[in-house]
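Labels A, B and C are assigned to the chains in the order they are written; within every chain, residues are numbered from 1.
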Amino acid sequence: MQRGRGWRASANAAILLAVAGCGGGRGQTAPPVTLRFWAFGREGEVVEALVPDFERAHPGINVRVEQIPFTAAHEKLLTSVVGRAAPDIAQLGNTWVPELVALRALVPLDSLLARSRAIARSDYFDGIWDTNIIDGATWGVPWYVDTRVIFYRSDILASAGFPAAPRTWREWREALTRVRARAGGHRYGILLPINEWAQPVILGLASGAPLLRDDDTYGDFSEPRFRAAFAFYTGLFRDSLAAPVSNVQIANLYQSFGNGEFAMFISGPWDVGECLRRLPPSLQGRWTTAPIPAPDPSDTTTPGTSLAGGSSLVVFKGSPHPDSAWAFIEYLSGPAQQSRFYALSGDLPPRQSAWEDSALRTNSYARAFRRQLQFVRATPKIPEWDEITTLLADQAEAAVRGGVPPDSALAVLDREVDRALEKRRWMRGRMHHDTAATS
Amino acid sequence: MSSATMVRGDAGARAARRAAVIFLAPGLVLITLTFLLPSIAALGLSLTDFDIYAVASPGNTRFIWLRNYAELARTPMFWISLRNTLYFVLAGGPISVLVSLAVAVMLDSELVRWRGFFRTVYFAPVVTTLVAVAVVWKYLYDPRYGLLNAGLHAIGLPPVDWLGSTAWAMPSIILMTVWKGFGYNMIIFMAGLQAVPGDLYDAARVDGAGAWQRFWHVTLPTLAPTFLFVSITTMIGFLQLFSEPYVMTQGGPLHATLSIGLYMFTEGFESWHVGMGAAIAFVLFGLTLIGALVQLRLRPKGTEGGA
Amino acid sequence: MTGAVIPSGVPAAVSAGLDERPARRPRWDTGVSWRTVLLHVLLAAIAGVAVAPLAWMVSASFMPAGSATTYPPPLLPHPATWANYRELFSHLDLSRELRNSAIVAGLITASSLLFNSMAGYAFAKFSFPARDRLFRLVLLGLFIPPQVAMLPLFILLRELHLVNSFAGVVLPSMATVFGMFLVRQYVLGIPDELLDAARVDGAGELRIYWSIVLPLCAPVLVTLAVFVFMSAWNDFMWPLVVLTDSAKYTLPVGLANLSREHVQDTELMMAASVVTLLPVLLLFISLQRYYIRGITMGGVKG
C-alpha cells in the first residue's frame, strides 16, 4: 500500500511530464500535415517568403520553417538525428551529406527523382549534383551552390601588365611576382590565410590529385599531383608572394583588399555582395572575379577545378510525410522559385536554366562563378573529411610558418589521415568479411 | 550525528527499514538512472570507439582499452583546452575567491551601514542567467561601441580588443565570471567571519596587534575551513567552464577560450565521437579529484578539526 | 545538470544564520570617521560595478534599434521605446520560450521538492544498515562533473524517445544530491521524540512524513524550491543538448540562439536578456533570505 503510493506518485509525475513534453501544438484546427523544415542562418529567414505560395497550392500541407544559426547547425542536426528527433526536411551543407548517410538518417531519392517532372538532373551543374551521390544512391537535391574563385584588383593587375586574369599557374605566379615587385613591403600579391584548408585543397583539385586512395581509406597527399600543388602553394609564401597571415590576423578583409595590402584572394559568392557593399565607391569597377587558373601551362581555355560547395535539400527517414516533403523540395527546386530565392538571398542557383532567367545573366561578377561551376569536384564523400581538413590545415601551416619541408609535412599528413581513417578501414574489412561469409 | 533512536523490537526495525526503502527509492532510483549509471556507462564508453557508425549500427563499436586517452594525449587541441581550462581555474579561481574574501571582510566591518542593501546588490549578479549576462557582456566588450572601451577612452587608455584577441579573450571571460560570481563566496565568507570568536580579537588587541596583524593571525586561521570549502567548490565549478565561451567566443579566437567542457561538447555532441567525448569528460573528472585532493592535502594544520 | 552555482556539500565548519548578527564584537579600530566614509565609498563603488552591466542592459533594451551602436555609446535611451519588447513578443515567439522555461523550471521544482524531501528525511531519521555509508557515497556524486553522465544519458533518452521533450530536460534534475543533503541537514534538527510520539499514536510513516515532517521542514523546502527553480531556470548545457526543436527551447537556449542570429541587434538582445533575467531577479529579491540560507547550509558541518 505504502509502496504503491510512492510508485504512483512517480508514475503520475511521469505521465504529467509526457503530456507536457508533447505539448506545443497549435490547436485542433491545424491542417493534417505539418512539415518541419530546418534552414540555416540567412536562408532560414529568406525562405519563409516562399512558403505561402506552396501552402496555397497544397492546402493539406503546412510548412514550419525553423531557423537554426549557421554556427550551431551541424551540432543541432546530428543531435536531432541521433536523438531520433529529426525534422522532415533540412538544408544540408553538401559536405555533411556523408555523415548523415553514415547515420542512415536520409531517404534515398532515386526513385522519386526518376518519377519527378519538376527536377531534371541534366539541368544541374554536374560536379554539384555529384556531391549528393554516395554509394550509388542520391541523397539530396542541390538547393544553392557555391564554389571558390579568384577575387582580384583589376587595376593593380593591369598596371602590372595583366589586363586580364591569369589563366594558368605559370601566368598566375608571374602576375603575383610582378605585383609584389611593384608593391613591396607589407603589400603582397595574394591572401591565402595560412590556417585554412580550402586553398591547398583547391590547388590539389585543380591539379587532379585524388586526395585519398583505396576507396577513401588512406591519405594520398604524397602523391605527385598533390605534391606539385602543395609545392606551388608553399612556394608563394617562400617567395613572399602571399601574405604570411592567418585569417584571424586580418582585421578587415575588405579594408585590406581596398588598401592594396594584397591584390587577390580566393573566396565564394557571398563575398561578391560584401565587396559591393563594403568597398568604397572609388574602388567599384576596379575589382572583379575570375575562375581558378589551370596548372597545365598549355591549357589557357579551361579553368582549374575548384570546390563543389553549396547546400542540398534532404528528406529524413523518420519523416511521417515523405511524399509531402518531396513535394516541397520539388517546389523549391522549380526554376521560378530558384530565381526568386536568388533575388532574396543572393545564393547562386544550382540549375543552369535559373541562371538564364534571372538577373544573374547580366551580372558580371557572377560570370566567373558560372564558368567555374562547370569545373568543380566534390571533396572525398566520407564523414571523416571534416576531421581531415583540420589535419590538413595544421600541416599546411607547419610547412608555411613552422619551417617543415613541404614533403615531410605531407608525409606527416598522410600518417595522420591514415589514423583518422582507421575505423573506416576496419568497417570495410568487416563488410567484406561478412559478404564473404554469407555468399 | 543524531540518528534514529527508536527503541523497538525486531518488527519495528523491519518496519523502519521498509519505510526507509519507500522513502529513499524514488530519489535514489532517479539519481541512479540519470546520474550514477550513466557515469559508469561513460567510463565504459570512454574505452570504446563509439561514434556515428555505432549509432547507425551498434555492431560498429569496438572495445579499444585506453586508446582514446592515448589519442587525446597526442591531440594538440586537447592540450590547448587543458591549458585554457587550467588558466581559467588557476588565475580566475584565486582572483574570484580573494575578491569575495575582501568584500566579505569589508562588509563584516561593524562600521558598515545598510549591510543588507549592499549584500543584496553584490549578490544580484549571482542569480542572473549566465547565458543572458554573457550576451550582455559580449556587447560591453565590443571593441567599438562597448562601454568598457568607452571607459578606457575616458581615462585616456587605448582600446582593448577584449574578446577578439587571443591575449585578452580569457582574461575577459575571467573578469565577467568574477563579476557574476563573487557574491556567492562572499556570503559563505561572511558566515565564516561570524564564527570567529570575539575574545580572540580581544586577546590579540591586548597583545598590541594592529588591525592587519589581527586579520592575518586571528581571522585568516579561523577562516581556514571556510577557505578550503570555498576553494574546492570554486575549483569544481570553474573546471566545468562551458557556457561563457559557448555564448561569447565559441572557443575562439584561435581556440584561446576552448575549455575542456567545450571541447567535450564539440567532440561528443557535434562530431559524435562519443567514446572520445566520454574520455574527455573523465579527464575533467580526474582533474576535479586531483584538484580536491591536492587542496585537502595542502590544508593548514588544525583544519580537519573543523570538518 | 546544474551550473557552478550549486555548492558542494564538502563539510566545513561554517555556521549558518547570517541574519542574526551577534552582539558587538571588537573589530577594526572604530570611531575614525574618515575610515567609515572611505569604506562606504569603496562599498558604493563595488555596488556600482555589480549593477552597471545590468543597468546598461535595461537602459539599452529601451533604445531605438541601432542607437546603442553609435559613438560615443549612449548611456540612456533617447527616446525610450517599447519597440524591442514588442518585437520579441510578436515576431520572435519569446512568450513561447517564457512559457517553456516556466513549465520546465516548475516541473523540476515540484518533483525535486517531493523526491529530495523524502530521501533527505529517510537519510536523517531512519536507521538501516549502512545508512551513513550510503549517504557518504551519494555525497561523492558532488565531485562528478555533470558532463560525465551527459553522453550516456542522451543515448538513454534516445532509447526512451525522450530527446526533444520537456521530460528529457526535467528527468535528470528531479532528484539531486544537493537537495537530499540540504533536507537531511535540516531534518536532523527535528527531535526524534516528536516522530516517536506520533508513531505511538498509531500514525503511519507516510502520514508522519506528510503531516509532521513536511510542515516542520517548510523553511528548508522554500530554500530548496528557490534554489532549484533558479538553477533550473538558468540551466543551459543540458536543455541545449536535449531540445532540438525551436518550439521547445527554454529562454537561455533561445537566447543563445538569437544572439548568434541577431548579433547586430544590440537593443533587441538586451530586451531578450531582460525578459530572461527578470523572473529570477524578482524571485531572488523577494525570497533572498531563504536563498542565502541555502548557500550557508551547503557549507554546514555534516
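Following the convention adopted for this analysis, a contact is a pair of C-beta atoms (placed from the backbone, for glycine too) under 8 Å apart; a residue touches a chain by one contact, two chains touch by 3 or more.
As the structure is a computational prediction, the values presented were derived from the model and not from experiment.
Asker: Report the topology of the inter-chain touch graph, choosing from line, ring, star, complete and other.
Answerer: complete
Asker: Taking each chain's centre as the mean of its CA atoms, which one is most distant from subunit B?
Answerer: Centroid comparison gives A as the farthest chain from subunit B.
Asker: Name the chain pair with more contacting C-beta pairs, choosing from B-C and A-B.
Answerer: B-C
Asker: Could you please state the distance in Å, as a whole number, between where the Cα atoms of subunit A are centred and where those of subunit C are centred?
Answerer: 42
Asker: Please work out the Cα centroid separation of subunit B and subunit C, and write it as a whole number of Å.
Answerer: 15
Asker: Just give me the whole-number Å value for how far the CA centre of subunit A lies from that of subunit B.
Answerer: 39
Asker: For subunit C, jot down the residues that touch at least 2 other chains.
Answerer: Within subunit C, the residues that touch at least two other chains are 114-115, 118, 154-155, 171, 174, 205-206, 241.
Asker: Out of subunit A, which residues touch more than one other chain, so two or more?
Answerer: Within subunit A, residues 2, 6, 9-10, 71, 79, 82 contact more than one other chain.
Asker: Could you pull out the residues of subunit B that touch at least 2 other chains?
Answerer: 19, 22-23, 26, 269 - these are the residues of subunit B that touch more than one other chain.
Asker: Flag every residue of subunit C that touches subunit A in the complex, lowest number first.
Answerer: Spelled out, the residues of subunit C in touch with subunit A are 103, 107, 111, 114-115, 118, 154-155, 157-158, 161-168, 170-171, 174, 204-206, 241-242, 244-248, 257, 260-261.
Asker: Can you name the residues of subunit A that touch subunit B in the complex?
Answerer: These residues of subunit A touch subunit B: 2-3, 6-7, 9-10, 71, 74-75, 78-79, 82, 99, 102-104, 195, 246, 248, 383, 386-387, 394, 423, 426-427.
Asker: Show me the residue ranges of subunit C that touch subunit B in the complex, using the header's touch definition.
Answerer: 3-5, 7-8, 10-18, 21-22, 24-30, 35-36, 39-40, 42-43, 46-47, 49-54, 56-57, 60, 68-73, 114-116, 118-119, 121-123, 125-128, 131-132, 138, 141-156, 171-172, 174-177, 180, 188, 192, 196, 199, 205-206, 209, 230, 233-234, 236-237, 241, 251-253, 255-256, 259, 266, 269-270, 272-273, 276-277, 280-281, 283-285, 288, 291-292, 295-296, 299, 301
Asker: Once bound in the complex, which stretches of subunit B touch subunit C?
Answerer: 1-6, 13, 15-17, 19-24, 26-28, 30-31, 33-39, 41-42, 45, 103, 106-113, 118-133, 135-140, 142, 144-147, 150, 153, 179, 181, 183-184, 187-188, 190-192, 194-195, 198, 201-202, 205, 211, 225-226, 228-229, 232-233, 236-240, 242-243, 246-247, 261, 264-265, 268-269, 274, 277-278, 281-282, 284-285, 288-289, 292, 306-307
Asker: Give the list of subunit B residues in touch with subunit A in this complex.
Answerer: For this pair, the touching residues of subunit B are 18-19, 22-23, 25-26, 49, 51-53, 55-57, 60, 62, 76, 166, 250, 252-254, 266, 269-272.
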